[in-house]
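Heads up, there are several structures right after this.
Okay, so subunit A shows up in both of these, paired with subunit B first and subunit C after.
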Partner chain A sequence: MTTVLDVKNLKKELDTFSLAKVDFLLKEGCITGFIGINGSGKTTTIKTILGLYPRDEGSIKFFGKEIEKNEYIIKNRIGVVLDEGYFYEDMTLKEMKSVIAPAYTNWDESIFLKYINRFNLKLNQKIATLSKGMRMKFALTLALSHHADLLIMDEPTSGLDPLIRNELMEILLDFMEEDGKSVFFSTHITSDLDKVADMLILIDKGRIIFNESKDELLDRHALVKGDNSLINEHTRRLFLSLRQTAVGFEGITDKLDVVREQMNDCLIERPSIENIMLAYVKEG
Partner chain B sequence: MKIIIKNGSEQPLYQQIKDQIKGGILRQELKEGEKLPSIRSLANDLHVSVLTTKRVYDELEKEGFIVTTVGKGSFVASDNLEMLSESKRHMIEKKLSEAWQMAKTLGINKQELYLMMDIIFEEDDE
Partner chain C sequence: MLFHLVKKDFILAKKYLLFMLVFAVIGPMFIYSKLGFDNGSFTSFLITVLFTEYILFNMVSMQEDKYRGSALLCTTPHTRNGVIKAKYLFVLVIFIGCFLLFNLAVAIGFSTGLARLNIYSIGIALLIISVFFGILIPIQTKFGYEKTKYIFFILIFLTPFILPTIIEWYQSMNFNINFQLPLPQTVMVWVPFVISIFIILISMIISIQIFSKKNL
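After this line comes the complex of A and B, so read on.
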């Protein structure tokens, strides 16, 4: 699988926050979920990658090309949906479209109208009057209307109801049906990713914790439950996170084989993405 | 094609999917030359990663169960010699493990079982 985005040694200092040596790759044909709690660096990373924040250090290559020298070609191949839509509030959807469309060589009016209809958007409506869900749908429509190969979205699902979130996931899967497409999106709602993600990247305090295939990640971790008597100095170390109550323990392990061998009578379940994320994200 | 994924299973996802496709081919529910779904649509249907379905197809191809042609898709292999030998091998392993289970319940140990095998081999040679 070819690489669509290669981020190396990315550093960015902001007043209250810094990205420390962020490295990751995105593979073509994959939906990559970018997860982390609020304030972990998701938005900073995305904005820095897109050049909305200047970076302090590091290299960013889209489709094997440096962004600086190939900005026009690269931006033609990327569709972007940001958390706060960068729209002019006083414009109607139609006016906003005529501002954005000329920026792309491959703008496709028929796709634009297809999504406008699918989402029940009204072209003569003012941007300011759009609900949060409608705004996301409009931003997505714009992002999908120029035959982009890579869709980058920052928290597209935050604040939206489950029905709209589900609709978005279906659209992403439709988008992926065509060869050569990739999606990268950040979210703190990990349940969105259970169904659609191929790869998961976890960021915490400005550092990448893992970048791994979702299924392998879920295969090599387990949610273990059982009686407190099974927990001792030794077995405690098998867990990334462990919660003990009066009625028993519950923990996340990445040493499944050892747990199976050394802890009898415990219940081993497949963890959720959220379980794993919280196990890695340490407090403080 | 029927595939059911068990969430509580000890087997990794790709293994579960691979075994079930293999089973379908060996039981000939999937016929020679039949087209398999694309890795993306199989991944979508099963709610697994496209990397997992890709691994499944790659391994099935390596083992000779399916053939993938760029641009056309993946098909059940029509040259099934290797497949048959693999399935027969599997049958032998199954019978051997049955024999070992039975031996254990009768208190026959590994050494004795090896001896029995040796005797069988010798008889066969004569």
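After this line comes the complex of A and C, so read on.
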């Protein structure tokens, strides 16, 4: 599979936060979920990758090319949805489009109008009057109307109701039906990724914790439940996170074979992405 | 692509645009009628263009500051350099617009004595605009709209206190800055334009440098 984004040793120092040597790859044909709790560095990473924050160190290659030397070509192949929209709110949708569309060499007006109709957006409506959900849909419309190969979205589902979130996931799956497309999107609502993600990258305190396929990650970890009598100094170390109450324990492990061998009578379940994320974040 | 970024600025300033268009025609006639000295046409044009440029430019800057739209623009093939270049082009387009409307004002108010400007006067007006925005744009790029507003407020507030001292010092030094370039008169009239372009280019390079390091 071709690499669509290659980030190496990315460093960015902000006043109260820093990214430390961020490394990851995105593969073509994959939906990659970029997960982490609020303030973990998701937005900083995305903004640095897109050049909105100048990086301190490291290299960023889109489709095998350095972004500095190929900005115009690369940005023509990327669609971006930012968390806060960054729209000029006094403009109408039509006016905003008239500013964005001419920047792209392959802007497709018919696709734009198709999404405008699908989302029931009105071109003469002021952006300020759009709800958060409608605003995200408009951002998505702009991002999808120039045949982008890579869609980058920062917290697109944050603050949206489950219905709109579900609709967004379906749009992503539709987008992925065409060959050569990829999606990278950050979220702290990991349930959105259960259906659609192929790969998962976890970031915490500005460091990448893991970057692997969702299925492998879920297979490699387990949610273990059982009686407190099974927990001792030795077995406690088998867990990434462990919560004990009066009725028993619940923990996430990445040493499933050892747990099976040493802890009889425990219940082993498949964890959710959220279980795994919180286990690593707590451990960190 | 630059054209569309300039168009964006005009859309952002649309609330004031009609008023400023009317002002660009009526302003010179009104100001000229209040000024009772020679060269009143030039002064009325300069005041009109400075006022129009400042109002429209700040209207755009205020909205840029509020909505941080340049972040979205910079995720598209519109580049950071383009965003800065468009600001200067916006100022230049307003200047040309004001000049054209001033000629309309001259046609309407010809009987009042308002006269067409010669090339040299237009060049001097452009030079003054270039100096003003050549300073304003890099400062605003560095500090943002709100802080720049306060910086300029303080400067304007201090002017009555500092300016007399500077003038006194200047007069006491008996400087003589009258000099003639060894150029024919037909070329000399274009010198202010050349200096303006030079100032704009230097200012633009500084603004681009500042903006390239900014977190959007």
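To be clear about the criterion, the second predicted complex is superposed on the first by the 282 of 284 C-alpha atoms of A that agree within 3 Å, B and C clash if a C-alpha of one lies under 4 Å from a C-alpha of the other, contacts with A are read in each partner's own complex, and residues count from 1 in each chain.
Here is the rule we go by: a residue touches a chain if its C-beta (ideal position, glycine included) is under 8 Å from a C-beta of that chain, and two chains touch if they have at least 3 such contacts.
Not measured: the values here are computed from a predicted model.
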item	value
Fit-or-clash call for subunit B and subunit C when the two complexes are aligned on subunit A	fit
Partner chain in contact with A:76 - subunit B first, subunit C second, else both or neither	second
Subunit B versus subunit C as contact partner of A:215, first or second or both or neither	first
More subunit A residues in contact [subunit B versus subunit C]	C
First (subunit B), second (subunit C), both or neither touched by A:173	first
Which superposed partner A:102 touches (first subunit B, second subunit C, both, neither)	second
Contacts of A:123 with subunit B and subunit C, given as first, second, both or neither	neither
Angle at subunit A between subunit B and subunit C, C-alpha centres, nearest 10 degrees	150
Subunit B and subunit C, minimum CA distance [Å, superposed model]	28
On subunit A, positions contacted by subunit B and by subunit C	none
Touch list for subunit B against partner subunit A, complex	7-8, 10, 12-14, 40-41, 43-44, 47-52
Footprint of subunit B on subunit A - complex, ascending	29-31, 173, 176-177, 194-195, 197-199, 213-216, 218-219, 268-270
Contact set on subunit C toward subunit A in their complex	1, 3-5, 7-8, 11-12, 15, 63, 67-69, 71-80, 212-216
Residue ranges of subunit A touching subunit C (in the complex, touch as defined)	14, 47, 50-54, 71-72, 75-76, 78, 80, 82, 84-91, 95, 98-100, 102-105
